[in-house]
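In order of appearance the chains are A, B, C and D, and numbering begins at 1 in each one.
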Amino acid sequence: MAITAAHTARAPRIRLGMVGGGRGAFIGAVHRIASRIDDQYELVAGAFSSDPDRSAASAADLGVSRSYGSFAEMAQKEARRKDGIEAVAIVTPNHMHAPVALEFLKRGIHVICDKPLTATLPEAKKLAKAAEASGVVFALTHNYTGYPMIRQAKAMVQAGDLGEIRLVQVEYAQDWLAHEVDNKQADWRTDPARSGAGGSTGDIGTHAFNLANFVSGLTLTELAADLQSFVPGRRVDDNAHVLLRYNSGARGMLWCSQVAAGQENGLRLRIYGTKAGIEWEQENPNYLWVTPIGAPRYRLTRGGAGSGEAAARVTRIPPGHPEGYLEGFANIYAEAGRAIIARRDGSALDAAVSFPGLKEGLEGVAFVDACVRSSAKNGAWTKLAL
Amino acid sequence: MAITAAHTARAPRIRLGMVGGGRGAFIGAVHRIASRIDDQYELVAGAFSSDPDRSAASAADLGVSRSYGSFAEMAQKEARRKDGIEAVAIVTPNHMHAPVALEFLKRGIHVICDKPLTATLPEAKKLAKAAEASGVVFALTHNYTGYPMIRQAKAMVQAGDLGEIRLVQVEYAQDWLAHEVDNKQADWRTDPARSGAGGSTGDIGTHAFNLANFVSGLTLTELAADLQSFVPGRRVDDNAHVLLRYNSGARGMLWCSQVAAGQENGLRLRIYGTKAGIEWEQENPNYLWVTPIGAPRYRLTRGGAGSGEAAARVTRIPPGHPEGYLEGFANIYAEAGRAIIARRDGSALDAAVSFPGLKEGLEGVAFVDACVRSSAKNGAWTKLAL
Amino acid sequence: MAITAAHTARAPRIRLGMVGGGRGAFIGAVHRIASRIDDQYELVAGAFSSDPDRSAASAADLGVSRSYGSFAEMAQKEARRKDGIEAVAIVTPNHMHAPVALEFLKRGIHVICDKPLTATLPEAKKLAKAAEASGVVFALTHNYTGYPMIRQAKAMVQAGDLGEIRLVQVEYAQDWLAHEVDNKQADWRTDPARSGAGGSTGDIGTHAFNLANFVSGLTLTELAADLQSFVPGRRVDDNAHVLLRYNSGARGMLWCSQVAAGQENGLRLRIYGTKAGIEWEQENPNYLWVTPIGAPRYRLTRGGAGSGEAAARVTRIPPGHPEGYLEGFANIYAEAGRAIIARRDGSALDAAVSFPGLKEGLEGVAFVDACVRSSAKNGAWTKLAL
Amino acid sequence: MAITAAHTARAPRIRLGMVGGGRGAFIGAVHRIASRIDDQYELVAGAFSSDPDRSAASAADLGVSRSYGSFAEMAQKEARRKDGIEAVAIVTPNHMHAPVALEFLKRGIHVICDKPLTATLPEAKKLAKAAEASGVVFALTHNYTGYPMIRQAKAMVQAGDLGEIRLVQVEYAQDWLAHEVDNKQADWRTDPARSGAGGSTGDIGTHAFNLANFVSGLTLTELAADLQSFVPGRRVDDNAHVLLRYNSGARGMLWCSQVAAGQENGLRLRIYGTKAGIEWEQENPNYLWVTPIGAPRYRLTRGGAGSGEAAARVTRIPPGHPEGYLEGFANIYAEAGRAIIARRDGSALDAAVSFPGLKEGLEGVAFVDACVRSSAKNGAWTKLAL
């Protein structure tokens, strides 16, 4: 029941900037709330829009004093200030992740980047190389890995509670693109120039893929994908059926869809091993079901009996008091923050700290790339081009 | 709330024989209960075992007066009696379905046969041809299509409530073969000589496939299958991942498994169209979830508000009083019984009567055959050899 | 997974008569199906209506050869036949239970009577006395105690798995009388002359009360009731709130309602002890939730891992294959049938056999009586007048 | 999908102080997170403990610059500063609510006070009078009324969607005091001198009572309570069964328990009217079930189709992205913040703004008082002494 997050606030707050996330944006606001929940960050600068006036208006809305008309200007000027930002949150459409990130990391500014890493695989490789060379902390907000019960699931897999993993069933179903949609969120996500070659695969398939990797600890060897664009005129996939083969011999299926009628944000993971399985659904994330062979199915709750340290260290409130999406997202910020502060202080980072970064980002973009290539070859088994 | 089933009992009960289903059998007992629930049948003869003594012992257990040591003897002798059986229930392992059925149908005795139709596709084609020529009623107990809410789902699809179907997600997960098992039920199901080339695909995959076809009304064009035998030494598949392409352009995924830890009888169907989706789970079969685009998800209950005639005609008790597996199974018997009585009386059969038969049986065996062939070609898209 | 019920059929079927249950009746049809499921009974005679023509018409519908125009005639004539009925099922409105039962039991014919035992407490006491004196088997169809997971729950309480019981929360919510209703089912249930002084308390409150007693093993000491008739002009209660005090010091609440909007047949039992709790819902009766203190909540399934012998002996099919209301009801028939056959054979009755009878019937009527008296005294604590 | 909360941040942040909530406290940390989520408050001062050293240590933990050794000192000194606190959060044990609040409100400092309002009814009346006289904003953190779907439920009741309300079923079940517990949280809650005469009734019963009032809009006329202390030696109730009679003729039941085995934070509200019912559970707060008479049950989701403006104005993220306890709590802070800023600016307060305050506080303490008095008179119907 401990509320431990506040303790880390004793270090001075991390000075944060943001690129993107102006008026009408969704994910920018999520990043800002996530950065506040544990009082670890302070948002002090932003290039909230590529239009300087709109950027300034958003800054005023948010009570942020330093507003910039371009990310390049922001990178240059902040890097020169003594009290300049220590980290930047990148919440632009996909095709802008790489250019923006490169501008900041080359100046030693840590990066917290929305997923997927980039719109294309060559870009991703280039960015990963540059980021590694720079030595900055690079966090990618595959936020679902921040949920405590996902941490619990991973810990159980690692402890061998499931036995040897045989099967991974993961899906992410939405319906918001079931028909022609015309708004800011939809427009760039269905434009290959901005989203990349993958539509649903890039936007949500990468989350599903990442989540399965995170919990299972497995590495995907090859996949066979059948991609569809159900909505006439759509230029990217809005539904994908993918068969999975992992290095260990485990097999799986991944389904992602933005046209599954009546689905809101149906991310669901099921993993079955030789001893037991686990089942988790994002829409009710405080529960983890465990399904042993030969014993009754049971429900672990966030912080409740049987839930261990891996979950406890990223939870804030007692069992029965549900945490949600924002807290899970905040956990990515908190974990990245621990790394940033360790870097600032020159202190050792707690080995338990975990957040997605360049490796996961590269894998995600390679996953989309492989899906698109496999589907173009009528579902031929295709290896990730890592 | 009407209890209408009893009305059909006014016709004299159908004289039923059984082949297989002796002591220790599972599905034979299910067939017997199913045949009794609506008081339409009377079990009067049986070749419950190929061992005459065991057959007689089972007959005594069951209070059945006419016991035979072989199905051939039973077919011959019953055909000669004035009060001989009108129908035979075949509840043997798969490889015996065809030889037994042929013996009865050539004598004009109606057949109620457990699924799959046969162990091999050539056998299935031969049997289907002979059965059609004979003119007997041939029912195949794909019992899950007997559930009222499955009838409701089909009626909703037909009425256009879902719009144009885009996606079919169907799965059937069990864990009873997760490890080496040694019992009567497991032995023949993992022996290709008795079960056919498919393991989980034949035993439960055919159910899933049939259920999706029944509700969606779609025809499968081709499939791509990745079959596994996770348990060392197993000679048939115990898990299968299958991608589906339907004639209409709809796509789908089918997963069947007998090694999914902690799963009992997890048959689950989800279908999504341009307007709405439906979701159904066999383990709680009295509910059908409807998931419209742009309106709240709602729950239809068997006999409850919003549930229509297609469900009502195969239900016995008011909403909130759950019906289960045996009642669903009994609905196949009741529907086949209506056809048998119509044949006996020379009367017209109510157009609403529906039960799986030769067409569904052929498709099921062709499905298994295509899965095995596709998997052997590393998941190449493969057409059903119908 | 054993299908054992059929074995008892080796004894000749019990010859059964029925009083009530003619065309349009609900519960009569349920009794008939329940009597058939395990092939233990044969319905051979009936006074299905007090109108001889209607009785004969129902008999013809049902294929029952011996039809009577009155229960008295039936009792007399059947008692004289060598092949006369051995047991009678009474499925009339409440006020007729006692007169009918007395007529049969005084002739040594076993009685299977719908609940509640009678419409009034004096009648109940008289009937109980007469029935005990007669020595017949007397079963009362508090059918919910026939559900396997209710047997499992009782066994767990008896084994001490819950520790000392502290709390009983039981409810039974429907909405079918939420407004003025005019049909055969509603008419007699809202007429005190036929239903007795209790409305919802008699019709469903007695089920809830009985279920709680059965599982908990506790005896109610006193209750405080607040009864309402929400529908204008209704002459009996359609909703009741009842506080419970048990002999052991345990406390509880009982809610029954026929005006709870949107509820179908919401019978739900929760019992909490010093070590663990159990939770069960009739609308999905194959699951029993166990809620230990200090360990995760788990789900027992009918026949699944962790479910014991008490449930197994009243189940027919494997876990994951849902059983429902009719199978639960059939278990009361099966248990009573075991007692009837033991009586017929002079054999000892298996100690595990359990079905509700006179004691439970008396308690139920006393419960209704105490509710009505307490409510009339503005909810004063009131003892059962047993 | 709008993220609107941030817009209110354009006003300068509200300077907040805190009394209580030092190291090891639970609810203080919750208040702090809640105050941060929408960026409306800045915590600048605290009397986190009555021990000055402990207070200072907590302030250092939290990065709060102004630390005080007593609430009285803090009230005096802050009131004198130009940049002194505008509002104080009181998160002490119950008996300290009144003395602390009085000290601040008499200096015109707004109060955000944890529930229940006070430990005794006379105190509550005195505090309410003084607070009203002072004119400050007084918010009481009955946080569950901050959940969006609770706002939705209230709006539906007000719109008449349920018809006339007949029934209220509310419960709040936990098990953390099922046995003797010895920790800071448990100690004061089971000490009548600090918690007041009610145990579970005060700690959680008041939440349940408040929630039912908030959604139903009804006023309780009288109650009949049966209170228990199941754990030997416990000086306050740990379980309560309460019958409810509302002014409109509606009736209800309230159950609160801290000894219900296996329950974490089981607050559950069900309200049934002449047209429909609603059902909500705190542990999965993003769903509201609506149960009409004569139509299928449906599920409203936070922000999803059919969910209206009342919910939308207190939600931050799209449907399918779960919000939890902290966001609900933050909504109370956000609503109170709107009132505080309106007061600061002299602007009109949006009529939609709603948060619990003195009226709800008084009712809650009167509820506990009536429960204790009724139970002492063996459950006699007792009016609230308002």
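Definition applied: a residue touches a chain if its C-beta (ideal position, glycine included) is under 8 Å from a C-beta of that chain, and two chains touch if they have at least 3 such contacts.
Values in this document were obtained by computation on a predicted structure and should not be read as measured data.
Among the remaining chains, those touching chain A as well as chain B are C, D. Centroid distances built from C-alpha atoms place A farthest away from chain C. Computed centre separation for the pair chain A/chain C is 55 angstrom, with centres defined by C-alpha atoms.
Centre-to-centre spacing of chain A and chain D amounts to 34 Å, using the average Cα coordinate of each chain.
Note: centroid distance chain C to chain D, computed from Cα atoms, is 44 Å. Under the contact definition stated at the top, the residues of chain A that touch 2 or more other chains are 263, 290, 292, 297, 301, 304. Within the complex, the chain D residues that touch chain C are 162-163, 166-167, 169, 171, 175, 178-179, 224, 226, 228, 230, 239, 241, 243, 245, 251-253, 255, 257, 259-263, 272-277, 290-293, 297, 378-379, 381.
Contact residues of chain B toward chain C in the complex are 1, 3, 6-7, 9-10, 12-13, 26, 29-30, 32-33, 36-39, 60-63, 174, 263-266, 282-286, 301, 304, 316-327. Looking at the complex, you find that chain B touches chain D at residues 290, 292, 294-301, 304-306.
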